[in-house]
Amino acid sequence: MHTTKHSSTLPAHRYTLVVDLDRCTGCGACGTACAVENNIPPANEKATERTGTVWMRVLEAPASSAAGGPTTFVPIPCQQCDNPPCVDVCPQRAIEYDPRTGIVGQIPVRCLGCRYCMVACPYHTRSFNWWSPEWPAGMESTLNPDVSVRTRGVVEKCNFCVQRLQAARAKASAAGQKEIDPADYVPACVEACPSRALYFGDAADEKSEVAVLSKDGESFRLLAALGTGPKVFYRSSDPVVRERLSRTGVTRG
Amino acid sequence: MKLELSRRDLFLAGGGAVAGIALSPVPWKLLDDLAIWTQQPSTPTPRPAGPLAFRHTSCSLCPASCGLKARCFGAQPVGFSAVPGHPASDGGLCPLGLTAHHLAKHPFRATLPERVSGGKRERIDRAAAVATLSAALAACGKNPKRIFAVVDGRPGRSLSRTWRALATATGGLYVTPPAAGASRSLEALGKRFDGGSLALGVDFSKARRVVSFGTPVLTDAGTPGLLARLRAESRRRPAAERIEVIQVEATRSRGAALADRFVPIAPGTEAAFALGLAHVLLDEKLADAAFLAARTSGLDEFASLAARFAPALVEQKTGVPAGVVTALARDLAASLPALVLGGDPASAPLSAEAEAAIASLNLLLGAPFGPLPVRADAPREADGDAKLASATPFDALPDGSVGLLLLDATVAEGLVPWERLKRALSDGALVVSLSPFRAGLGEKATLLLPGPAPLEAMLELEGPSDAPLSTLALAPALLLPPKDLPLPEEIVREATAAAGLSLPAPSSGRAAALLASKRGRIYDPSAASFEPLAGIASVDALAELFARGACWIDDAAPEPKGRFALLREGEAPRLLEAALGAPSALPARLTTLPRESVSAAPPSLLLTKLTRETTLFTPPAAANASAARA
Amino acid sequence: MDDTLIGRGLRRTTLPRFLLWLVPWAALLALGVYAVYLCFAVGLNQTNMDNRFAFGLWIYLDLTVIALGAGAFFTGFLLYILKKKELKAVINSAVVIGFICYSGAVGILMVDVGQPLRAWFTFWHPNVHSMLTEVTFCLTLYLSVLAIEYAPLVLKNRRVKEVPGALVLEHQLHKVMVVFAGIGTLLSFFHQGSLGGLYGVLRGNPFAFRTHIGIWPTTFFLFILSAAAVGPSFVLLTTWLVGKVSKKRLVSPEVFQTLAKISGSLLLVYVVLKGIDSLIWINTASAKTGVQVSSFYAHPPFGTWVLFAEVVLLGLVPAALLLSRRVRARTGLLVLAATMACAGVVLNRYVMTIQTLALPSLPFDSFLSYSPSWQETAAFLAVLGYGVLLYSISFRWLNLFPEERELATKG
Amino acid sequence: MKLPAPVSFAVGLVPALAAGWLLFPRLLYRTEAQPLAFNHKAHAEGGMACTDCHAVAENGRFAGLPSTESCAGCHAEKGESKTINALVASYVEPGREVPWLVHARQPDNVYFPHAPHVTTGKLACTRCHGPEGESTTPRAYQVNRLSGYSRDLWGPSMTRAGRKEWQGMKMSDCIHCHRAGGRESACLDCHK
Amino acid sequence: MLPGNTDFIVDPAHLIFLGVFALVLVTVVGTLAYAIVSARRAVARGQAASILWHEEFEELPASAKACRHDLTGETPGRRCERAFDCKGCETHARLVAEAKPLPSIDAGGFFVLADRLYHRGHAWLKQEEDGTVTLGLDDLATRLVGKSAALDLPAVGERLAENGPAFRLKAGKARVRVVSPVTGEVVETGSQGMGFLLRVKPDGPLDTRALLSGREAAAFFGRERDRLQLVLSAAHGVPALADGGDLVGDLSSAIPAEDRDRVLGEMLLEA
C-alpha cells in the first residue's frame, strides 16, 4: 500500500545540495544547464520573471551592509524539504515525498494546475506553465530524451535531476551493484557551475562532502524557522550574510 | 397481425441498449482512454536518436575556447558539461557554451545565401551569390575610394591566411578587431618592454589582490568562474593568503556588486585614480623596489608625475575619499603580488592614458612575470607569411573608403560595432557576412553567405590572448551541417577565381606546424591526461587526438631580459593632461550576459528565456532584437 | 406564454421591459464567456496571475461568493432543522442565491485550473489531507444538493405544475427536504471551513498559518462562523434589494428582524473569536517564525487598519447595530448594518487571499502587487451577470417569496 | 400484437452488445503494418539469444532495437529471401534505421529501466514480452486512436479478464507485480 | 478512490474521508430516489389529484379555508384542515349526526337549487336518474367568468378525480381550472346552454358528504360574496359592492382585466 506519512526513520539516502554563496557569481550557468537538461522550453514572448518556467532561479540578495559589501547571489531550486508544505496541499497526490531519497517529486501528468502548492511553497520555486511549451522547428531534436516535456497548465519544479538518479540506478543494476556510484548522480546545475559553488551528494553518508559541509557553522537553511526542513543548504563565510539570509523575511516594501 | 409499438416498447428498447452498452467494454475502455488522453501532452516527444555516447570538443562561441563534453544520443548532442582539468577552461563553462547545440536550430539561422537589394531580403542560389561577390571583387582596387576590406575576428587561423591573401590580391585591407577586456591592459603593458613588444597573459592564481578598472574579472575574464573560484577557495585560508578583488568602476555593475571592495569613481577618472595609487605607493615607499630597480626605467620621471597626485587631489577628481585611496594602496603593497586590469569589452574601452597609468601601476606592484606571465603564440605555418597583407587595426579603418566589406563568421558586433563599420563604407558598398545567423552583423550584411553553425564544422581554436599560456584545439564538429549548405569559403574562392584573381590553396598545415614546434603538452579529454607533444609520433596521430577533442597547451615561456618603461617618450604631459582634465560623461553601459558581446552568435533561445524570466540578467542587445522580432 | 408562467396574483413588469432589463446582464455574461473561452483556448496566460500570485481574483471571488452564499445553507438549517418558520418567507430566495453563488464559484474554479479535463483526478486519487480536496468534494456535493433544493421551485411554476406528476414530485421532495437541509448544513460546514483551512494550513506562510484545534486550523472554524453570520445578512440585503428594484413588498418586516437578530448574534460571537484568534496568532507567529506581526502590516496599503476594519469597523459595529432593537426598527439602518457585515467578510476573504500572497517570505524578497487582467475581471463579472439573470428569471417565473402575494393583497 | 417486455428489451440489448463488443474495438484501434516481415523464430533457431540484439548496455541503458548496422552484419547482401532483399534495399543500402513499430513502447512520461528487471530482477524477457521470440512474422501493430499508444499496453482482451501474465503493460500491471514482490516504489522511480 | 484501484490508500484518514463522502452521496442519491419513486407510486395510485388539491389548498388565503360549519355558524371561526374533504372529518360527522335535515333556503341574488350539490370550487353536481351525474358552474362562477369565457372540456372517456381538475376555462387573460366534485369517467360533454357542462359516470356509489347543499350552500354563497368583495378591493384599495346590494349580472365586466386572473384564481381556489 502507498503511504503518505513520512517514514519516521531517517531515509536511506538524503540527497542534499549545498550552495556556497561565496562562490556564486550569478552567471546563470546552473539555470541554463537545468533548462537544457530538463527540456524547459524557451520563453514565450510575453513571459516575465514572474510567469516563466524556471526551476533553478538565481536571485540577488541586497548588499550585506549599507556600505555596499559584496552582493550575494542566491541560486534557489526546489528546496526538497523533509517536511514539505506542498505535498499535503495537493488535492490529488501529484506531489510525493520519497522517503528513500528525500526528493520531493512532482508528477506533471497528474497535476490539474490548481496552483495550491505554489501558494504553499514559501520558497517560490515552483513554476506554472502559463504557456504551451514551444520550440522552433528542428530544435526538438536537441531535447533530452530522459525527461518528458510538460504540457501547458501544470505545475513543475526541480526534482534534483531525478532522471540522472534513474540512469545511475540502471547502470548500477547492469553492473550487478545495489548502490549507485555517487559520481553517476550529479544534477545538471551542480555539474555546470563554473565556479563550483554547488555541492551535491548523499548526506546520509556521514563522510560525504555535503554531510560535512551542511553541518559546519557556515551552513544554514532558508526559512529554517518555518520547520520545512529543506535539503538545500547555503553557506557563507560572512556572518552578516548568514544572519541576513536565514531570517524569515517580511521586509519593508 | 399488426405490431403495436408503444412508447413503453421504445423505453424498454432504450433501456436494453443502455444495459447492452454498459455490459460491453465501451464505457470502461473509453473512460480509461479518455483519462490517458487528458494526460497526453500536446508537446514534442523527445526520443533518443541512438545509443548514449559522450564526445569531446571545444566551444567556439568566444575566445575562451572551453572544453566541451557533449552528451549525445546517436549523432545528436542533448547537453554539455565542462571538462575538468581542460587546459583552456579548467572545468568552466558559461551559459552560452551550455546551449551551443541549440544554435544550429536558432530561428535566425540561415542556410541559403541571402541578398538585400532595394531594402528587400531575398534568398538566392549559389551561382547568384558567386556572381554578386565576383562582380564586387572585380570592382575593387580600381577605385581607391572603394577598396576591399576583410574583418577577421580570430586572426592566426589557417583561414586567416586565406583572408590575408585575398586582401593582398585585391590590394585591400586585412582588419583585426581590438583586443577585448583585460587584453588591452596587457597589450599596453607589453608595449612598454624595451626588448620588443611582449605578449603577456594573466595568471589569477598567482595574484593576491586584483584591482579591476571595470573589467568583469569575477563574472567573465578568460576562464568562466575561475577568479571567483580561486577567491572563494582562498576565503577559508588564513587572512594573509586570501585573494581579494577590488572593483573600481563608475557604476555598480554585477562584477562590482560581487567584488570584495567596490570603489565607485567618477567616470573617466581612472587615470587619476591609478596615479593616486602610484603616488601613495611611491610616497610611502611601498612599491616593489627590487622589481622597479631591476626591470623598469624612468622611475624618477614617473615619480615626479605621480607626486602631483596626492590623495587629496585624487579625491577632488575622482570622488574617492583620500583615505580610501591611501588604504587601498597600502593594502595592495601589503599583499604582493597584486594585479591591476582595466577595460570592459562590453562598454567603452579605457583611454590610452588610463591604460598607461594602469600599466605603470602593475610595474610598481611587480606584476609582470608573476601574475602576468609572458606567453608565446601557438605555432603557425610560417611559409609565405611575409607576402601576405599584415593586419590593420580596426581603429585604423579609413572612413568612406570600403566598397566591399567581408565579415568573417568570427566577427562579433560587440568588438566591431556596426556603427563604426558603417562609417568605413562607401556608398552602395557590398557587405558580405559569413555568419550563419540572420542576426548581429549577419543581419546587417547585404550579402549573407551563411556557413556552418557552431559545432557544425571543425574549428581551429586558440585560447584567449589573456590566458597565461597559449592553447590550441582543432575542435571536431559535433553536428552535421544542413545538406546542400554552400560553404562560404568555397563561394569566396569561386568568386575570386571568377573575378580573375588568384588565391593560394587552402592550408591545413596547423597540426604539422604545431608538431614541428615540439613545444607544450597535449590534453586528451577521454583519458583526462596530458602527453608531451614531443611524444606524438605523427601529424595523423596528432590529428586523431584533436578529433577526439584534445587541446594543446604551451610550456611556460622563459622570463625575457629587458626593462619596462614606466613612462614612454613624451607620455608624461599627455597623461598629466588626461588625468587632470574634466571627467568625461558616464558611458552608456550595457550589462550583458557573460561574453555575449564577444560572441558572434546570437544567444540561444534558452538564454533569452533566462533574460526574460529572471531578474538576474538585463536583456542583451541581441536578445532584445529577437524579442522584438519573435 | 410569459404571463401564464408568472405565478397567479404576482405583478411582474411587461415582458419587453423584463427583456430589456436582462440585456446588460446577458452582455456581461457574454463578455465573460468570451474571456473564459480565451482562458481555455489560449491558456491561463490570459490572466495576470503569475508564479508568485498563483491565486488571484478568482479564488478571492470564490471565497467571497461562497461565504455570502452561506445564507442558503444557514437559512435551510434554521428553517428545517431548528424550525424557524418565519424564514419560510426567504428560503426560496436563499436557495436561488446559494445556487447562483455555488455554481458560479464552481464554474470559475474550473476556469482557474490549468487542466480542467483532469479535475476529476481529485475524486479518483484524492489526497484527503488537502483542504482543496475537501473543498472539491463538498462543493460538488453541495451544488448537487442545491440543485435538488432548487428543483421544487421549478416544479411549482404555474405551467410546470400542470405536468402530471410535477407537483407530486415537489410534494415528495418537500417531505424529504429536511434530509437535504441537514446534508447541506453538514457539507457547508465542512467546505466553508476547509476554505478557511486552505490558508490556515499554509505552514510556509506565517501570515496565514494558524494554530490547530483538533486537526483543523482556527481559520476553519472562523470561516464557518463568519459565513453563517453574514449569510442571513446577505439574504436580508438581497431581499431588500430585490424589493427595491421590483418596487414590491416581498417579506414582512419581522422576517428582516429575525434575520438581523440571527446575523448580529453570530457576528458578535465571530468577532470575539476572531479577536482571540488574532491575539493568539500575534503572540505565536513571531515567536515561532521570527517574524514581527507588525511587519505584516508594514506594506501599504495593508496597514493595521485592515485588522481594525475587519474586526471592529466591519465586525463589532455591524454586530452591535444588528442587535440593537432601535436599529432593527429602521430598514435603512438595518440594510446599512447588513451591508457592513457583508463587507467585513468580503474584506476578510480579500486579506486572506491577496495579502497572504503579496507578503514576501524570503528575506530578500519583496512585496508584490497584482491587478487582474480584463479577462479575469470579465469572468468575474460574468458570474454577476449570470447571477442576476438567473435570479431575475427565477423571480419572474418562480414564486420566490411566498408572502409576496398576501402582502400585495393586504395593500 | 403487443411485444412482450423481454422482447422489447432484447431489441435494444442485442445490437448494443454487438456494437460494444465487435464494432467498438475496430473503431478504437487502428492497425499499422510493420516495415519488414521479421522472423524471430528463424533467428532464435539460428542460435541467437534475445540479448544478442536487444541488449542492456554497460551504462544500464537498454538498446531496445538493433541498428541497421547490426542487421547488416549478417544481411549485407540481397538474395536469401524477399524480406532480406527489402531490408537491404530499403535500409542497409541507404543507411536508414528500420522504423519498427514497438508494441511495448510506453508513454513518454514513463521510465522503464531494463537493467533492474533483467539483470537484478532476473526476469525472463517472456515475462513481459510474451512469446514474441517464437513468432515467424511480427504481429500487426495496433494503435489506440484516442491515446495513440500500442494496444499491448492494455492487452489484447477488451476486458483485460483472463489475460496472461505478459499481456498488458499498464501502470496497474507494474504496481501489481511490484507489490507482489514487496517492492514499493515512488512515482519518480518510473516516471520522468 | 475505489478499493481495488491500484492507487487506493488504506489509512484511517482516507477511509474516514471517503466513507463520509460515500455516506453523504448514498444519502443524497437515496433520498432523491426515494422522493422520485414515491412520487411515481403516488401518481400510479391515482393520488395525484388529491396531492395537487392539498398542495393548492395549502396556499389558499385563510379567508378561503373556512369550514362549512363555520359558514352556517355552527362552529364559528373554524378553519378547515382537510382541504374540504369532509368524508373523514370527525367534526363534520358529529355535526351532521346532530343536525336536522336541512331545509331549502333561498339565497338572495343566487340560485341555489335544491337538486344540486355545491363544491367549494364553485362547481355543482346533480345526480341524474340513470346513475350518472352532471356537472356545471355555479351561479357566482358563471357570472364571474362571464359569457365570453372559453371552456376547455375534457373529451368523452377521460377520467376525473375528486378535487382534481374537471375542466379549464379561459376568460381574457385569466386561465383557471375548475375542481371536480366527483371521481369518474366523462360520458358526455355539454355546454352552458344545455344546462350542464359534463356528464360523468361516477366510480362506484356516490359519496357527497364533502359537498354543500341547502342552508350551507346559501351561507357559502353569502360568504363567497364577501370574499369576492375582499379580493376585488385588494386590487383597488376601495371596497366594491359598498352598498352591500346585489351583485351585477355580469360580474366579469366589473373586474379589471389585469386582475381577472388573480380574482378568478382566488375565487375558484386555484393558488
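We call the chains A, B, C, D and E, going by the order they appear; numbering starts again at 1 in every chain.
Throughout what follows, contacts are C-beta pairs under 8 Å (C-beta built on N, C-alpha and C of every residue); 3 or more make two chains touch, one makes a residue touch a chain.
This structure is a prediction, so every number in the text was calculated from the model and none was measured.
Novice: What's the minimum number of touch steps needed to get from subunit C to subunit D?
Specialist: Step count on the best path from subunit C to subunit D: 2.
Novice: Could you tell me which chain's Cα centre is nearest to the average position of every protein Cα atom shown?
Specialist: The most central chain, going by mean C-alpha position, is A.
Novice: Return the chain whose centre of C-alpha atoms lies at maximal distance from the corresponding centre of subunit D.
Specialist: E
Novice: With contacts counted as defined, which of the two, A-B or A-D, has more C-beta pairs across the interface?
Specialist: Higher C-beta contact count between the two pairs: A-B.
Novice: Which chain has its C-alpha centroid farthest away from the centroid of subunit A?
Specialist: Here the answer is chain E, farthest from subunit A.
Novice: In angstrom, rounded to a whole number, how far apart do the mean CA points of subunit B and subunit D lie?
Specialist: Using C-alpha averages as centres, the distance is 51 Å.
Novice: What is the distance, in whole Å, between the centres of subunit D and subunit E, each centre taken as the mean of its C-alpha atoms?
Specialist: So the centroids are 73 Å from each other.
Novice: Using Cα averages as centroids, what's the distance between subunit B and subunit E in whole Å?
Specialist: Distance between chain centres: 98 Å.
Novice: Indicate the whole-number Å distance between the mean C-alpha point of subunit A and the mean C-alpha point of subunit C.
Specialist: For subunit A versus subunit C, the centre distance works out to 39 Å.
Novice: Out of subunit B, which residues touch more than one other chain, so two or more?
Specialist: Those would be 39-41, 45-46.
Novice: Please output the residue numbers of subunit A that touch at least 2 other chains, ranges allowed.
Specialist: As it turns out, subunit A has residues touching two or more other chains at 2, 4, 48, 51-52, 59-60, 93, 109-110, 132, 147-149, 151-152.
Novice: For subunit E, give me the residues that contact two or more of the other chains.
Specialist: Answer for subunit E, listing residues that touch two or more other chains: 7.
Novice: How about subunit A: which of its residues touch subunit B in the complex?
Specialist: By the definition above, subunit A touches subunit B via 20, 22-29, 31-33, 35-37, 39-43, 45, 47-49, 51-54, 57-60, 63, 68, 70-71, 73, 109-110, 132-133, 135-145, 147-152, 188, 191-197, 237.
Novice: In their complex, what parts of subunit A are in touch with subunit D?
Specialist: It is residues 2, 96, 98, 100-101, 103, 105, 107-110, 146-149, 159, 162-163, 166-176 of subunit A that touch subunit D.
Novice: Any idea which subunit A residues touch subunit C in the complex?
Specialist: 4, 44, 46, 48, 50-52, 59-62, 74, 76, 83, 85, 88-94, 110-116, 118-124, 126-132, 151-155, 222-223, 225-228, 244-253
Novice: List the residues on subunit B that touch subunit A in their complex, please.
Specialist: By the definition above, subunit B touches subunit A via 39-49, 73, 76-82, 91-95, 98-99, 101-102, 105-107, 218-219, 223-226, 228-229, 231-232, 235-236, 252, 254, 257-260, 262, 593-594, 605-617, 627, 630.
Novice: Touching subunit A in the complex: which residues of subunit D?
Specialist: Residues 56-61, 108-109, 111, 113-116, 119-120, 184, 186-189, 191-192 of subunit D touch subunit A in their complex.
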